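Next up: the structures, one after another.
Okay, so chain A shows up in both of these, paired with chain B first and chain C after.
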Partner chain A sequence: MKSVEIKDLTYSYNGVDPILKGVSLSLDKGEYVSIVGHNGSGKSTLAKLILGLLPFSKGTIIVNDLELNKKNLQTIRNKVAIVFQNPDNQFIGATVEDDIAFSLENMNMPREEMISKVKEYASKVGMLDYLTKEPSYLSGGQKQRVAIATALVRNPDILILDESTSMLDPNGKSEILSLVRRMKIENPNLTIISITHDIEEAYNSDKIILMHKGEIVLTCKPIELFKNRELINKYNLKVPFVVELKKKLQELGYNVTDKNTLEELGEMIWQSK
Partner chain B sequence: MNNLTFGRYVPFNTVVHRLDPRNKILMMILLLVSIFFRVSTWSTALILTGFQFLILIGIMLLAHVSFKSLFKSLSMMWILILFLMIIYIFIPNPAYNADHIAFHIGNYAVNYDAFVQAGYIIFRLVMMIMITMILTSTTKPMDLTYALEWYMTPLKIVRFPSHIVAMTLSIALRFIPTLLDETQRIMKAQSSRGVDFNHGGLIRRVRALISLVIPLFVSAISRSEELSNAMEARGYDPYGKRSRYRILSFHFVDLVGFVFVVAIFGAMLTFLILDKKYMNVDFIYWIFHAKPNF
Partner chain C sequence: MAIKINHLSYVYLQKTPNEVQALHDISFEIPEGKITSIVGHTGSGKSTLIQTLNGLIAPTSGSIEISDFIVTSNLKKLKKIKELRKHVSIVFQFPEYQLFEETVEKDVAFGLRNYGYKDEDAIKKAHEALSKVGIDKSFYKRSPFELSGGEKRRVAIAGIIVLEPDVLILDEPTAGLDPQGSEVILNLIKEFNKQGKTIIIVTHDMNIVLNRSDHVVVLNEGKLAFSGTPSDLFAGDVSSYSIDIPALFSFALLLKEHGVGVDISKIKNVDDLAAQLKGLK
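And now, the complex of A and B:
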C-alpha cells in the first residue's frame, strides 16, 4: 500500500517564483525516507504541503489513498504528524503534560483517556518525570522529545521530521535519532519522512530523495547515491564515514564492493594481514 | 529583571495553592473592594484595617508567600508614597479640622489630617499589593486563564469567542519567558556590534532601543507563523469541538474560604452603611498637643 503519493506538484508562495516545480514521489507504507538538499530547495515547503498547511492548485497529493482536498483535510491531518526544527516554537502547552494533551484535546478525546495517553507517551519518550515542567526548564533535546510525543500520541501513519535535530547538540541529536528508531521498531507501519542535513542518518534510511532548486533530482537507495561520485560532486554532498572509508580502502587495493557497513569493513580489516 | 520576580508563581502545595482559581479571583475582588470601603472614625478604621492586615499576614504565612519579595516590591513604592504625601499636604481639603495644625510652610498651614489620610491610603495600597501577590504567587498563570475563560462563558451567548481569547492569552503567557530570553540574546548581539543600551542621551538611547525592538518584532512574527503551523498540524481547529485536559473543581475548602471572605466583606459593608461621618483624627492631635495636667 502506498503511504504518500505526489503527482506533478507545483507551488509558489507569491504566484510568481515557483518554489516546487512538478514534484512527484511515491512512498510505501513503513518506509524511512530521508529528504536531503540545500537550504531553500523547497523541502520544508513540501512537508507543509503534505500537511495541508499551504493551499496548492497544481498537482495532487494522496495520503493513505485519500486525495488531499478541503473535504479530507482533517482526516489526513489526523494521520500525518510533524516535528519542526525549532523546539520552542512548537511547544504550545504550559507544561509537558499540557503540551501532549493539546494534541489530544484537538481530537476531542475524553479526559480519562487523555490522562492515560499523556502518561503513556511521556514515558515512551522518557519524559515521565517532567510532566509538570515548563518548557523553560527543559533542554532543547527534551523539548524535541516532547514534540515527538505530541506527534506520536495522535497515532499517525506518517511522521515528518523537518530538521528536527538541527538545533540540538550532538547528545540531543543522537538521543532523538535513537528515539525515532525505537518508535519505528515499535510501530513498523509508521512511514517516516526525515528532512535532514545529517548524512549519516540519511545513509541509514531506506530511501533518499535529493532535492535541488524545487525539483527532485534523484530518488534511490542510499548506497546507490553514494556510489555515484559525479552526483556527489555535482550537488556538493557530504559523504558518510563508511563510504569515505570504503573509498580509502579501495585505493589501498582492498576489494570492498559488497561491504556496506562499518561492521563488515571492520571484519575485513582485522582478517586481512 | 528583579521586579519581574514580583508575584511570580511559587510552586508550593498549600491549601491556598489548591483553591479553585475561579474562587480565588472572586475572593480577591471581594477583599480588594472591602479594603477600599471608608469607615468613619479613626479608631474603627484602625481596628478594622488592622484586623484585615493581620488576616492577610496570616494568609501569606499559610500560603508561604515570601515577605522578602513583598518588601522588595514595596521598596519600589516610595515614589508613590512621597507623591501621595505631597498631594495630601498641598491640596486643601475643607473637611480637614482647622484646629489640627501640625506646622506651617510659609503661610500655608499643614494639617495633621493630611498625614493621616495619606498614611491610611498608603496602608491600604500595601494591602492591595499583598492581596494580588497572594493570588499570583499561589496560582499558575495558566489556571488564571482557565478561570477567566470560565467567567467569560456567559459571553458565548453573544458569540464572544471566549475559548479563543483564553487560548491566545495562554499562548501569550507561555511565550513570555521565551521572548525575554530572545530580548537578552538580541541585546547581547547588538551590544557586541557596539550598541550601548545604558549610556548616552535620550536620542541615543531611543536609537539603541529601536535596534532591539525591530529584530524582536521580526523574530516574534516569524515565531508566530511557525507556532500557528505547529498548532494546525496538530489538528487545532478553533471552531471545532475540543475536549479539556484541565478541569477546575470547587472543593469544600473553597466553600470555607469563600464564606470567610464574604464574612469579612459583609462586616466592612455594615460599617460602611451604618457609619457615614467624616473620619475624626482628634486622637492624633491629642497625642501631640494635649498638655498633661498633673
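And now, the complex of A and C:
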C-alpha cells in the first residue's frame, strides 16, 4: 500500500523561480525515509506541500490514496503530523497539557479520554512531571519533546520530522529517535519522513532521498548512496564515520572490501600489527 | 588574560516558590586565546553561564574576572558594563532571527551607532566585518531577509565581530545549518581565533569538541563536571553526562586497548588517525 505518492510536483514561492521542479516520489506505508540535501534544496517546502500548507498548481500529491485538494484537505491533515525544527514556533497552549490537548480538541473526544491521552503521551516523551508548566519554564529540548507528543497523540499515519532533533542535546536526541522507533513498533504502518542533516540517522533509515536544487537526485538504500564516491563528492555530502574510515584505510593499503563495521575494521588493524 | 570563574552560583526567581538553582558554586578558568567548548545536557546551566560572562545577568553569588572587569552580584558596582559587553560579545542561538534593518550593511552597523560612531564610519567598519565573514559586496544594500539561512547567520555574526570583541561567545553556532554551512561558520571561528580572540562555543556537537576545541568544560545539573582537554574528557567516564563520544575517538581508543600504538591525545580528525597508522605500518 502506498502512503504518499507525488507526481511531477512543481512549486515556486514567488511564481518565478521554482523551489521544486517536477518532483515525483512514492513511499510505502510504514517506511522510514530520510530526506537529505543542502539548505535550500526544497526539502522543507516538500514537507509543507504534503501537509497542504502551501497552494500548488502543478503536479499531484496523493496521501493514503486520497488526492490532496480542497475537499480532502482536512481528512489528510488529520492523518499527517509534523514536528518543526524550532521549538519556540510550535508551542500553542498555555501549559504543556494544554498544548498536547489542543491537538485533540477538534476530534470530539470525551474529556476523560482526552486527559488520559495527554498523560500517556506526556509520559512517553518524559514530560509527565511538567504538565502544568508554561513554555517559558521549559528548555528548547523540553519544548521539542512536547511538540512530538502533540504530533503523535492524534495517532497520525504519517509523521514528518523537519530537522526536529537538530536543536536537542545528545540525550534528548537519542530519546526522541528511540521514541519514534518505539511508535513505529507499536504502529508498523506509521510512515516516517525525516528531513535531516544527521547522517548517522539517515544511514539507519529504510530509504534515503537526496535532493538538490529542487530536484530528487537519487532514491535508494542508504548504503548505496554512501558507497557512491562520485555522488558524495559532487553534492559535498558528509559520510558516516565508518565509510570515511574505510576509505582512509584503503588508501593506506588495507584490504577493506568485505569489512563493513568499525569492529571488523579495528580487528583487521590490530591483527596486522 | 584568562577568564576566571570563582564560586559562581545563579538562582532564577530567588525567594519565590518557583526558585530554580541553575548554577551551583562553579569555579574554573577559560584559557586566553584558545577555543573552549561548553557542553552539557539541556538545562545544565550553559546559557545561564554565558549570560553572566558579559553581565547580562548578575550572579547570585561568586564572581567572574575578565581582565579589569569583575562581575559580581551587584552589577551597579561594575561601572563600565557597556565596555565589558564590547569586550565580551555573545552570538546567541539563531542570531538571524534578530536581524531587522532594511539593508545588510545597516544591520551590521547598528551596534556601532549605539557606541556613538558616525553613520559613515559605522558603515565603513560594517563593510570590513562583512568581508571578514565572506559576504559579497553585492549583498550590502540588499534586505537581510532575502539571504539564505547560512548567509543570514554570517551577517548576524558580522554584527557582533564589528564591535571587535576580545572574547567571542557563540551559542550553538551551527544549529540548523547543513554540513556545508556549518563548515563555513566553523572555519570563520577558527580564523577569529587565529587573530587572537578567545572563543567560547556552547554546543551539543561532540565533533566540534574533538576537532575544533583546545579546552572543554562540562556542566551537569548546574555543577562543574569537567574542565580539561577534549581527549581527557572522552577517555574518561562520561556515562553520566549527555555526551556521545565521537565515533573516531571510540575507534582510536579501541585500537589502543588492543595494543595498537596510537597517541589518542593527538587525534582530532580521521586524517590524524590515518597519519599515525601510516607511521606504524
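Quick note on the criterion: the second predicted complex is superposed on the first by the 244 of 273 C-alpha atoms of A that agree within 3 Å, B and C clash if a C-alpha of one lies under 4 Å from a C-alpha of the other, contacts with A are read in each partner's own complex, and residues count from 1 in each chain.
The definition used in the following text is that a residue touches a chain if its C-beta (ideal position, glycine included) is under 8 Å from a C-beta of that chain, and two chains touch if they have at least 3 such contacts.
Keep in mind the model is a prediction, meaning the values are calculated, not measured.
In the overlay built on the shared chain, the residue A:His38 is in contact with chain C alone; chain B does not reach it.
Contacts of A:Asn171 after superposition on the shared chain: chain C is touched, whereas chain B is not.
In the superposition on chain A, contact of A:Phe102 is made with chain B only, not with chain C.
Of the two partner chains placed around the shared chain by superposition, neither chain B nor chain C is touched by A:Asp157.
Applying the stated contact rule after C-alpha superposition, one finds that A:Ser139 touches chain C and leaves chain B untouched.
In the superposition on chain A, A:Glu201 makes contact with neither chain B nor chain C. Judged by the touch definition given at the top, the superposed model places A:Asn86 against both chain B and chain C. Shared interface residues of chain A (contacting chain B in one complex, chain C in the other): 86. Contact residues of chain A toward chain C in the complex are 37-40, 85-86, 137, 139-142, 163, 166-174, 197, 199, 236-238, 241-242, 244-245, 248-249, 251-253, 262, 265-266, 269-270, 273. The touching residues of chain B, when paired with chain A in their complex, are 140-142, 170-171, 173-174, 177-178, 181, 223, 226-227, 229-237, 240-247. Interface of chain C with chain A (complex): residues 18, 40-43, 93-94, 148-150, 172, 175-181, 204, 206, 242-244, 246-248, 250-251, 254-255, 258-260, 270-271, 273-274, 277-278, 280-281. Listing the residues of chain A that touch chain B in their complex gives 48, 51, 53, 74, 77-78, 80-82, 84, 86, 88-95, 97-98, 101-111, 114-115, 118, 134-136, 150-151, 154.
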